[in-house]
Amino acid sequence: ACGDSPNDNKNAANGGKVDFLSIGMPNGTVTENNNPFIGTSAGASLGYRWMIYEPLGQWNNTKPSEPLTPWLASEIKWSADYKTVDLVIRDGATWSDGKPLTAEDVVFTHTMIKGNEALNIFAIPYESITADGNKVKMTFKTSQFTTHHKVIGQTPIVPKHIWEKIADPATDTIKEPVGSGPYVLKSFSQQATILTARESGYWGTKPAVKELRYTSFADNNAQATALSSGASEWSFVFIPNYQQTFVAKDPEHFKVWAPGVLGIHGLYINTTKKPFDDPKLRQAMNMVINRNDIFVQAEAAYFHPEIKSVTGLPEGAGDAYIADEYKGKTFSVDAPGAKKLLEESGYKYDGTKLLDKSGKPVTIKLTDPGPWSDYQTTLEIIKSNLAEIGIEATVEKPNQNIWDANVQKGDFEATLRWTNGGSTPFDIYQTVMDGDLYKPLGTAAQQGNFGRFQSPEATAALKAYSNATDETARKTALATIQKIFVEQAPMLPVGSDNVGGAYSTKNWVGWPSDADSYAPLQPTQAGALTVVLKLQPANS
Amino acid sequence: MTSIPDAKAPADEVVLEAIGLTKHFPVRRRLRDLFSNRHDAVHAVDDVNLTLRRGQVVALVGESGSGKSTVARLLAQLYPRTGGDIRLHGESTRVKAGTAFRRYCARVQMIFQDPFASLNPVHTIRYHLTRSLKVHGNAGSTDAELEQALHALLERVALTPPERYLDKFPHELSGGQRQRVAIARALGAEPEALLADEPVSMLDVSIRLGILNLLRDLKERLNLAILYITHDIASARYFADQTMVMYAGRMVEGGDSETVTQSPAHPYTRLLIESAPDPDRLTGAAEAADDDRGNGEPPSLIHPPSGCRFHPRCPSAMPRCSTDLPVPLQIGDAPGHWAACWLYDTEEVAK
Amino acid sequence: MSEPVIEIRNLNVDYGLGDQAVHAIRDVSLTLHRGEVLGLAGESGSGKSTLAYGMTRLLPPPGVITGGEVIYHPEKGDPYDVLSLTDRQLQAFRWAETAIVFQGAMNSLNPVHKISTQLTDVLRAHDPKMSENSRNARAREMLKLVGIAPDRMDAYPHQLSGGMRQRVMIGMALILQPQVVIMDEPTTALDVVMQRQILGQLVELRERLGFSVIFITHDLSLLVEFSNRIAIMYGGRIVEEAPAAAIYRDALHPYSSGLLGSFPALRGPRRELTGIPGSPPDLKGMPSGCSFHPRCPKAFEPCSSKIPVLTPHGDRSVACWLVES
Amino acid sequence: MKYFLQRVSFYLFTAWAAITLNFLIPRMIPGDPVQALVTKYQGQLSSQAIDSLYVLFGLNKDANLWEEYVSYWKQLLTGDLGLSFTFFPTPVSEIISSSLPWTLLLVGITTVISFLLGTGLGVLAGWRRGSWTDGLLPVTTFLSSVPYFWLGIIAIYLLTGPDSFFPSSGGFDAGLVPAFDQYFIPSAIQHSLLPALTILISSVSGWILSMRNMMVTVSSEDYITVAHAKGLSDRRVAMSYAARNALLPNVSGFALSLGFIVGGTLLVEIVFSYPGVGFQLFQALGASDYPLMQGIFLIITISVLVANLLADIAYLLLDPRTRKEG
Amino acid sequence: MTASAVTMEQVAPVAAPAKRQRFRFVANKKAAAGLLILAIYGILAVIGPWITPYDPGARGDDLVQPPSAEHWMGTTHLGQDVFSQLLEGTRSVMFVGFFAGIVATVLSVIIGVTAGYVGGKTDEVLSALSNVFLVIPALPLIIIITSTLDNAEDWLIALVIGLTSWSWNARVLRAQTLSLRRRDFVEAARATGERTWRVITFELLPNLTAVIASGFVGTVIFAVLSEITLAFIGVTSATTWNWGTILFWAQGQQALAQNAWWWFVPAGLAIAVLGTALALVNFGIDEFVSPRLRSAGKTKIKTNTGRTVRMRIGFTPVIRKEPLP
């Protein structure tokens, strides 16, 4: 009836072949905001910003040590000290309004970030950004070895001719985004954001998926329900017992792939609180944590891949970084060993109760916000693990804001928390042990070192690692860091982050997998674009 | 109760006196009044004079809504008065709450119109009476004395044997019994003046009689001053020494009961008495001729008629009645008989 | 005496059933004649209202009619038992043949509807074919009849004074020209002036329209003045029934004379008031025999054992052993 | 006039106090929006971003509570509700205006239906006591005590699925753009069925019970007996006399319940991922998003006050006794 | 005058008060059923934690197992015993419900009755206060306040719920007090010379019992639902179990999607049954207070002959049987 309804083509979509992909995220509602630099935008929350705006190079989180795939830059060359990068900008890329993409745009983007602290979310210390024809050169005040993937792989490039007219790029919601990517925004509603493939002008191969439909679900449950009903075909969400609740609904098509990355979750211990200032006690605790139980019962046997290496590095992504000393050394639950260790270092038992050196029973409070049910489950498991060596643990569930504040102020005994993630193990160890991030008790430590771990050696080694200019120096530094991490156990690693996702092969195939882990499978990662471009209709 | 207060006092001593008593109730304002500056009030009682003497009953009659209860409540100091004065033994009193109010209560007690409403349904008779005795310090010092005082009270109002009633709840008593409990409660304070607001209107003829007899008996034995409010004129005649007639917030006639009821002077009093049912009248003999008289509605008390408030309904209204407020005028036939009506103005009569 | 309109025969009414039952009306027989005013008096709680509601089947739960007949004699046609009518017949019978005016006019009128609506919906229910205009005309006419200006048609009940509301009720009762009008204490809430006005009007209307009235009150002086015959109730039974004047002059039943000796007279010499000692019986624990005997100054031997029956004595009947013997 | 001013100032005072509390209460929450955001992403957002976020949100400048309060009022008076943090930099007014219609439609229509249905059944149950309607009561009592989020979750589990007619979440089909056309409206209705049913089931019994009780109370009024005595048909007595009068107290209850539409059904919106205000509020709570919280509280405050007013007006219209004398 | 007051003595036996009024409440079937259920819950609240077959938090080896002989209500994803959790949780639910109910009721009585009785400026201030609390949305407010607490212990949650949910009852009580304040018995107590505090506590409050009680019951239901809602969204005490916690875990683990209905359903039912019990008690109170509801309670009656009669307003049933003896 209504001739010019925006929904008219819906019937076409129903008529046989499906040419769209439904992507979901459990992030609550979104509001129309397509600003690619702002983390609170719908584009970031759902991930579609990467379908519109592209980075200079594509970073594969699942293989962090591999060099970045050239994208808008056809050539990326870092100096040995990682303070300079030389880029050659691709020819033939155009903005969706038809204008060509040039080196000027790249310079503009990075200069804008440099000059606007609100946009510089990675706190990159730019020095100079210059263009020369289709070449761009950027220099930095410090080594970008641990952050190079952010500069190149996670910074979207925006068109100068549009953005230079924007008064405040940090608070503009960019209602009509113009990007270089294969998709353009078709419509936005709180319920769904719809992107369609560009008719022409994309520099790469035209995607097979004609339409991307992003939906934001209220919470994990809604998202998981949508996945298992087929309403969502791709998402990144925690699905409890995913085999039964998701895969079993359509075993042929419903799949989950969750590769670990260099970012972990573990039990931070407040090293200022007695008797937990004793590394031996922390070691003993480390020895009884049943990581497999946690992996299976709390993380549904996929979501936070179990950490096996004693260095806390995840399997796969971390393998390349494990020091020789610890190669092959894995965690195993060893309660008698832990008891022995404790008794050797002066702890006593009163029946089954562990007494510290001063004769007081050892108790510990484990805290994490109530609503995080996987963390809560983990804590319950740790609680019963600790009981095996006579430590009486209680689990507290403060409100998230309170927990945040308390953790930052060092007002906790032990808490399960994450670390930063990155392209090297640096971020993990830095979050846990960096003395530069140390703040006295009561002062908020926002960036890391919540457990107030103090080891000048570790701080120095971290610095050495990030500033090193050659592989051997890095390796030595990392070995030192790992030794401290293992022996001092300032944090007991439990599981790693994953950049995977749940997906359906009913309509589309070509997803990354263990066999071909060409990109992260998380729709909000910059690499998601690589995935979308690879998808092909299932029945073709 | 062991002694009768001031039993020796002269029988006609004035106990309570109202002079120019006035009460206006502010009217709840309605939406459309919001923007106007009108301050309406119900002129419930205007310029009322009343004297209660020891050992005498004064009856107050008048149609419904004429302000009788308001007068009683004003006398009991339950409402603050708008104007005029209340004198207890000649002394002007204005009490609102606190000790002074309680002291006043001890001397002037009120019996409420409705025995079904004036007893708290959740308390026993014992509670009601005990409180009344205790508040005024008449309960004695021991439990035995209290018990004795309770029994004495109930016996005085002829609720015998007292044990049968003490632990009952009000709803377990009949209307007449309740009314007697209410009277007993008032007597518990050993007052000098009793304000009885329609103590019998809710009751049956046969029970009615019992209460009236009881009140008369108490008046005689305790030498009480009683204000008896009713709209049953026949009972006023039977029971009261003096009768006052109220119309629309004003006293219109007063005097000896027999005189007022047998030879009413004010046209309103006449209308009232003619309207009262009379079994001696013949069946169906409702005078159709009467119809034009007294017909019409009671006046609005918010905007009372000017001059004599009865003039719109008065069969013998004169032009003067609608402009000048009539003053009380002595009527010749009996001493103390007066009426507020220009008909009895000597100049008028002379004309 | 003219022919009967309503004959009540051995009516029994209970509140509740089984052991809990209160027998509020016991074996009452009463006849209302065409064109007369029958007064019904008695202490409060003696069952006057119950009788009025019971004979029209309007008693609210838990009231139950447990026996008897109410024979209605229509102007034309055969008499029939009201208690045997079906619900539908009963609806048609009501108001068209008998109308009721209740004690509180405020409560009898629906506060949310205009009085015109309440007047005309009777007409609509009983004569659906009547046109809107003629319904309104009839309602207006009735209001005029009871002395209310027809321009008050569109008033709501609360906008009228108590007396006007009561007159609206009377007008409403007469709107279908019923044979019988039952009035349950129609004036107790009003003061004497208003009371006289309304009753005067009623008597006049009755003379004009010729309906019969059952008039319930406990104000005996009012009854004596206004009714042709008076029935006195006590404890759920009728104890005496006689022409008004006869009762006033010479009550046969001790209870009736007690009642008559209880109210002071306004005029004439001051009478001696006797009153009735004691208090009304509890319907649940009725005394044996004559229910009045515990209070009766003249009680003698058979009174406490045998129930006296209402027996005719000339134009009056009385239920008392004193009269029997 | 004085009286009028008094009333108005009373209402203004209530509004002022409520708004001030609305301002203060969210600020009692420890932590700040930046932390909340970082925590929300659990490692997906690097902690290096924290400094830039403080700058972005404008929280790097210290302002004391009083200054914030003053500027809050300045903003309010110019109709500006500020920028949300959760959805930075979307203005709060935009968020509310895009989610309020959903709540109003879903909960509003459901409340109305629930009221109508409940009242209707209540009339029946009150009038025809002793018939089958008596069986309604225990069931409704039970249903009214069931936590409605629990009911909703069970409904999702039992009634939704790949082939089910009922969608499990959302306000409309993901492929559609909100527009008043033949595709969107049926989809929106289809999506609202389950949440509506959940609210309906758990709220209708309240109306049934109160209406029934009012019917029973009104049934014993004299004017009902008079209506019967007048020989009116049973239907007319039930509707025009009993129900019409029994409705009065329920109507003001209904108006007041309209005031609670916005704040009352938070969990239904959460469980069904419904894009309404309640869900926004819940998100704002988790994100320490004061501007959004304040904005939604303001809406709730205003709607409750307006509902109070509506209740008065409804009473005025329905009950002639409260109308001005003519 | 012969009938002196002294002869007005009681002759008729005063009917013995069959049952004291206060026990009639329990005689109400609905209330009795409600009280019985409440009593069971109460007992479980006290002894529940002692009779749990397992430690509700203890992990076991049977993960997500359906009900069996060892685990009557199955197990959770950690192998915890759902039945034990349910038993253990009863105490917290009952505690929070009743504690919050008491806090809110005490506040509403103090504020509502004072406002109603004292009037004037005090009334204005207190009314404004309760209006403000009425306007502020309760559940979000509770969420905010509890989220500022370090550890949301039961009594704190209960306190917050209590402190935020008194306003509605206060309004009702104020209105009720206003209507009571002008009642004669209050005036009469004042005229007797009672002090203000005595008038409030001994004359007014006992008459407000029913309103207070039903307000209390309502608040308890509200508090229980609030606590459970809070626990469901993760705001809860660390150390105690309640039914909301069970639902929280079940929902977090998508119990229903895992077909683990035993994990999700019982807690909800337990809440619903508790709510129903409270609602039943509330009915009992309602009917206890309003005699109209009470007498109208029975709608079907059995006659002696075994016939069932439906009580209908407007159509009194007629059951003819043998006339009374």
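All chains are identified by letter, namely A, B, C, D and E, in their written order; residue positions are counted from 1 within each chain.
Everything below uses one rule, namely that contacts are C-beta pairs under 8 Å (C-beta built on N, C-alpha and C of every residue); 3 or more make two chains touch, one makes a residue touch a chain.
Quick caveat: nothing in here was measured; it's all calculated off a predicted structure.
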*asked:* Going by the touch criterion stated earlier, list every chain that contacts subunit C and also contacts subunit E.
replied: B, D
*Provide the labels of all chains in contact with subunit A and in contact with subunit D.*
E
*Most widely separated chain from subunit E, with each centre as the mean of CA atoms*: A
*Distance between chain centroids, defined by C-alpha means - subunit B, subunit C (Å)*: 32
*asked:* Report the inter-centroid distance (CA atoms only) between subunit B and subunit E in whole Å.
replied: 46
*Measuring from the mean C-alpha position of subunit D to the mean C-alpha position of subunit E, what distance in angstrom results?*
24
_Between subunit C and subunit A, distance of the C-alpha-averaged centres to the nearest whole Å_ = 90
*asked:* Using the touch definition from the top, which residues of subunit A touch two or more other chains?
replied: 221, 225, 228, 399-402
*Of all residues in subunit C, which are in touch with two or more distinct other chains?*
53, 58, 60, 87, 90, 273, 275, 279-280
*Where subunit D touches two or more other chains, by residue*: 29-30, 153, 156, 220, 225, 227-229, 234, 270, 325
*Partner subunit E, residues of subunit B touching it in the complex*: 73, 76, 78, 97, 101-102, 105-106, 109-110, 112-114, 117-123, 131-132, 135-136, 157-158, 160, 164, 168-169, 172, 182, 185, 188-189, 209-210, 213-214, 216-217
*asked:* Under the stated contact criterion, what part of subunit B meets subunit C in this complex?
replied: 63-64, 174-177, 204-210, 213, 231, 233-235, 237-239, 261-262, 271-288, 290-291, 294-295, 297-298
_Considering only the defined contacts, which subunit E positions touch subunit B in the complex?_
1, 3-6, 8-10, 14, 17, 21, 183-185, 187-194, 196, 202-203, 206-207, 209
*Quick one: in the complex, what on subunit A touches subunit D?*
1-2, 5-8, 10, 13, 20, 22, 28-33, 38-40, 42, 117-123, 150, 170-173, 187, 189-192, 194, 213, 215, 217-219, 221-222, 225-226, 228-231, 249-250, 263, 265, 399-402, 404-405, 408, 418-422, 427, 431, 446-448, 497, 524
*Touching subunit E in the complex: which residues of subunit C?*
10, 12, 16-18, 23, 26-27, 53-54, 57-68, 83-84, 87, 90, 272-275, 277-282, 284-285, 287, 294-295
